[in-house]
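Several structures are given next for inspection.
After this come two complexes, each holding subunit A, first together with subunit B and then together with subunit C.
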Partner chain A sequence: MMLTEILEVIFALLTLLMSAYLVRHYLFTLIVLQKPKKVEQYPAVASTYHPTVSILIPALDEERVIGRILKRITELSYPKDKLQVIVIDDGSLDATGEIARYYSERYNYVTLVQRSWREGRHGKASALNFGMKQAKCEIVLCFDADYYPQKDIVEKLVRAFEDPKVGAVQGRVVVLNEPKNLVTRIVALERIGGYRIDQEARDRLGLITQYGGTVGGFRRDIIESLGGFDESMLAEDTDLTLRVYLAGYKVKYEVDAQCYEEAVDSWKSYWRQRKRWSMGHMQCAFKYSLKILRSKNLKLGEKIDGLLMLNVYFMPIVILIAWIIGIPLFLLKYYRWFPVFWSAALLFMYSSFGNFAPFYEVAAGAYLDGRSRACWLTPLLIITSLYSVLICTKALLDLLVSKLRKRTYPWEKTEHKGDGNYYIMRNVPNQ
Partner chain B sequence: MVWNLTPDLITAFLGVISIIILALLPALIELKSPRDSGPWIILKAEPPPTVLRDSFEISILDIDDTYPCSDLIQKLNEALSFLPELEM
Partner chain C sequence: MRHLLFGLFIYFIICITLYTFIGLPELLCPVISSTLLFVLFLYPLKGSLVRKVIFHVASSILCLLLNILLCYMLFPFAKCLGSFFSAVHIIANPLLNLLWLVSLYSIGLSFISKPEKRHRYSAYDVN
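And now, the complex of A and B:
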C-alpha cells in the first residue's frame, strides 16, 4: 500500500511537470494565432541602418554544399563594402578548402581561414572561435555550410540591433529537401512548429528567445566580452543564448529572415543530430539552471521559460518514467477506469507527446504558412516523439558516463549530401 | 486484480483503433501522393536565383570533362591506323 502511494505522488509530480509544458505550448500557439504576423515579402523594408557585418561559415568536409552557400552569399543585397565573409575550413579532408579559396580569390570580402585536420575537427564552437579572431565587424552572423539564405537576409537580421538591448538575433529555418522522404518531411514539420510558433511566441511574450547557432548573429563586442564560445559545450548556441540573457541583453527573433537548410534524411542521422542537441541542452541545464534562478537581469517569466526551455530534452525521459510508474499503478489500482483511459488516450497522446514542438503548434504553424495539406502529416510526429524517448534517454546516459569518466564527449558532425540543389532547381519556374 | 474483457472495454479499444486509423489515413494519402511537400517560401518571396547549380565547383575540382580514356583511345587509333577505312 505504501509503495503505491509513493508511486502516486511521483506520478502526480511528473504529470504536473508535463502539464507545465502543455500549458506553455498551448499558450504559445494561441498567442501567435491571435494576431498572426504576415511574412514580409522580398525585398526587405528599406532601412538606413547598415552596420558592418561579418558572416562566419564554419565548414568541415562540406564540398557538396559549400559552393552553393558561397555563391548565394555573393548574391546578397547587403552593401558589399560593409560585409566580411569568413569561411572556416576546420580541417576538411575533401575539397571544401579549394572551393572556398576559389571564392576568396575572386571576391575581396570573402576570407578563407583554414586549420589542418590535426588542429581542427574539434566541433563547431572551436571552429567559430577560430573564425572570430578574423572578425572585424560590429555584428557577426553565422550560417552553416548547408544553408541557403534569402538575398536580403542580412538586412532583415541586422535591423534588430538598432535596439541597444538586443545582443543576438535569430532568423527562421526552413527545410530545403522537405520532399525527399518521410524523415525530411517530419523534420520540416518540427521546424514549422518551432520557428513559426514557438520562437515567435517567445519573442512576443518577452521570454527566452533562442539563438539557434545558425541563421542568426550577435554583437561582436558582447561575445568577446563573454569570452567567445564555450568549446566544452555541445550546444554552443543554447549556451550563448543564456549567457546573452544573463548578461542583461535580449535575443530577438525575426520570422521574416528565412533561410533554407538541408535537413537530415535518415533515421540514423536524425538520431546522431538530436542526440547531440539533447546532450548539449542537458549540459546547459546542469550549467545554468541555478544561475537563471539567481539572476537579477531576468524577469520571473523569463526565469520560468528559461528553465522550461533548458529542461525540454528531459521531458521524453520524464514521459518514459511516467509510463513505467503509471502503467503498473493503473493496472493495480485504477483498472476500473480502463475504458475511460482508452477513450482519452488519444487526447493525452496529442497533448503530451509533443516532441518539443507539439502537434497543435505544428498544425497551427502549417496553417499560418498556408500549407493546409502539410497538416495532414501531423499525426506522424508520434514517430519522432517515441524516437525521442530513446534518443534523450541514451543522451542522458552518455552524458553521465562521460561526466563520471571526466571525458569530453566528441562532437558528431551531421553529414550533408548536397541534394538540396535539386529542390531549388525543381521549384523555379521558367528557368 | 480482476480484469475482464468486457464489451465496454472492447468497444473503447476498437474506438481508439478507429480514431488512430482515421488520423493516419490523410497522412498516408499525403505521403503517397504529395501535394504540399514544399519548399516554397523563399522562392515565392523573391525572384528566383540566376545560378542554380554551381558550375564553378566542378571546374575548380579539376575534373576533366573530356572523355575519360581519351589517351588510350588515341593510342589504339594510331596502332590500328594501318587498317582500311570502313566508311565509304
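And now, the complex of A and C:
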C-alpha cells in the first residue's frame, strides 16, 4: 500500500515537471506566432556601427570543409580593415594546416595559428583559448569549420553589441545538407524548432538566450575578465552563456544572421555528437543550478527559465522513469487521473533533441519558414526522441563514472565529410 | 488570438454535439482530447480561418470514426481478456491516438498554408 502511494507521488511529480516543459514550449510557440519576425534576406543591413572583429575558426582534421569557409570569409561584406580571422589548427593530421596557410599567405587579415598533435587535440575550449591569445579586436566571433555564413553575417551579428548590456550574440543555424538522408532531415527539423521558435521566444521574453558556440560571438574584454573558456567543460558554449548572465550581461539572438551547417548524417555520428552535448549540459547543470538560484543579477523569470534550460537533458531520463513507474503503478492500483498523466508523458515522445521542442513547436517553426512539406516529417521526431532516452541515460552514466574515477571525459570530435559543397553549388549555380 | 478563441468556440460545439449523441465515455475521451489538441496547435497559426475550421471538423469526424472502428475491432479481445484488456487499452489508446493525430496535424499544415508558400522548396538563401 505504502509503495503504491510513493510511486503515485513520484509519477505525479514527474508528469508535472514534463507538463511544465510542454506549457513552456507552447507559450514560446504562441509568442513567436503572434508576431513572427520577418527573416530578412539579402542585401546587407545598413549600419554605421562597425567595431573591430576577430573571427575564430577552430579546426581539427577538417581538410574537407576548411577551404569552403575560408573562401567564404574572403567574400564577407564587412570592411576587411576591421576584420581579423584566426584559423586555429589544433594538431590536425591531414591537410587542414596547408589549406589554411594558403589563405593566410594571400589575405593579410587571415592568420593561422597551429599546435602540434602532441599539444593540441584537447577539445574546442582549449583550441579557442589558444586562438584567443592572438585576438586583438573588440568583438570575437566564432564559426565551426563546417559552417558557411551569409556574406553580411558579421554586420548582422555585431549590431547587437551597440547595446552595452549585451555580452554575447547568437545567430541562426540552418542545415545545409538537409536533403541528404533521413538523419539530416530530422536534424534540420530540430534546428528549426530550436532556432526559429525557442531561441526567438526566449530573446523576446527576456529569458536565457543560449550562446551556441558557433555562429555567434562575445565581447573580448568580458570573456578575458571571466578567465577564458573552461577547458574542463564539454559544452563550453552553455558554460559561457551562464557566466555571461551571472556577470550581469545578456545574450542577444539575431534570427536574421543565418549560417549553414553540415549536419551529422548517420545515427552513429548523431549519437556521438548528442552524447557530448548531453554530458556538457549536465556538467553545467551540476555547476550552475545553485548559482542561478542565488544570483542577484538574474530576474525570477530568468532563474526559472535558466533552470529549465539547464536541466533539459535530464528530461529523457525523467520520461524513462515515468514510463517505468507508470505502467506497474496503473496495474497495481488504478486512479482516475492516470490517463491524463499518461497522455502528458506520451506527448513527450514527439520532442526534438537538444531543447526538447515538442512537435507543435517544430511544426510551427517550419510553417513560419514557409516549409509546409518539411512539416510532414514531424511524426518522425519519435525516432530521435526515443533515441535521446538512450543517449541521455548513457551520457549521465558516463558522467557519473568519470566523476567517481576523477577523470575528465575526452572530447569526441564530429566528423565532417564535406557534402555541403554540393548543396552550395546547387543553390548558387554561378558560384 | 481571435482564431484561437473561435477555435475554442467550435471545440465546445463539437463537444456538446458528441455528448448529446454519443454517451460512451471510452469513445468520447479520446475524441474530445484530440480535438482540443487540434484547437491549441492549429488555430494560432497564420492562415485561412475557413480552412482551419474545415480541417478541424474533418479531423474530429475522422477521430470519431477511427475510435469507433477501434472499439469494434477490440471488442472480442475485451470479452476474452477482461480487466487485463482494460489496462492495456488505457495505456495503449493515447499512444495510438497520438500516432495518427501528429501525422494528420503535420500533413494538415500544408492544407492551411498559403499556396505560394506551399510550393517553395526552401526558405533559405545560402547566398
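Note that in this section the second predicted complex is superposed on the first by the 407 of 431 C-alpha atoms of A that agree within 3 Å, B and C clash if a C-alpha of one lies under 4 Å from a C-alpha of the other, contacts with A are read in each partner's own complex, and residues count from 1 in each chain.
Here is the rule we use: contacts are C-beta pairs under 8 Å (C-beta built on N, C-alpha and C of every residue); 3 or more make two chains touch, one makes a residue touch a chain.
Predicted model, so just to flag it, every value in this text is computed and none were measured.
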- [ ] Figure out whether A:Gly67 sits in contact with subunit B (first) or subunit C (second), or with both, or with neither.
- [x] first
TODO: Quick one: classify A:Asp152 as touching subunit B (first), subunit C (second), both or neither.
DONE: first
Open item on the list: Quick check for you: in the superposed arrangement, does A:Leu182 touch first (subunit B), second (subunit C), both or neither?
Closed with: first
TODO: Considering only the touch criterion stated at the top, classify A:Tyr260 as touching first (subunit B), second (subunit C), both, or neither.
DONE: both
TODO: Mind working out whether A:Glu98 is in touch with subunit B, subunit C, both or neither, as first, second, both or neither?
DONE: first
- [ ] Mind working out whether A:Pro379 is in touch with subunit B, subunit C, both or neither, as first, second, both or neither?
- [x] both
TODO: For A:Phe330, select first, second, both or neither according to whether it touches subunit B, subunit C, the two together, or no partner.
DONE: second
Task: Those residues of subunit A which subunit B touches in one complex and subunit C touches in the other - done: 39, 41-42, 148, 150-151, 174, 176, 258, 260, 331, 338-339, 342-343, 346, 369, 371-373, 376-379, 423-424, 427-428
Open item on the list: Which stretch or stretches of subunit A touch subunit B in the complex?
Closed with: 39, 41-43, 63, 67-68, 71-72, 75, 95, 98-99, 102, 148, 150-152, 174-176, 178-179, 182, 185, 188, 258-260, 331-332, 335, 338-339, 342-343, 345-346, 369, 371-374, 376-380, 421, 423-425, 427-429, 431
Open item on the list: Quick check on the complex: what are the subunit B residues that touch subunit A?
Closed with: 1-3, 6, 8-9, 11-13, 15-16, 19-20, 23-24, 26-27, 29-31, 34-43, 45-54, 56-57, 60-61
Task: Residues on subunit C engaged by subunit A in the complex (per definition of touch) - done: 1, 29, 33, 40-41, 44-46, 87, 90-91, 94-95, 98-99, 102-103, 105-107, 109-110, 113, 117-118, 120, 122-127
Open item on the list: List the residues on subunit A that touch subunit C in their complex, please.
Closed with: 26, 29-30, 33-34, 36, 39, 41-42, 148, 150-151, 174, 176, 258, 260, 326-327, 330-331, 334, 338-339, 342-343, 346-347, 349-350, 359-360, 363-364, 366-367, 369-373, 375-379, 423-424, 427-428
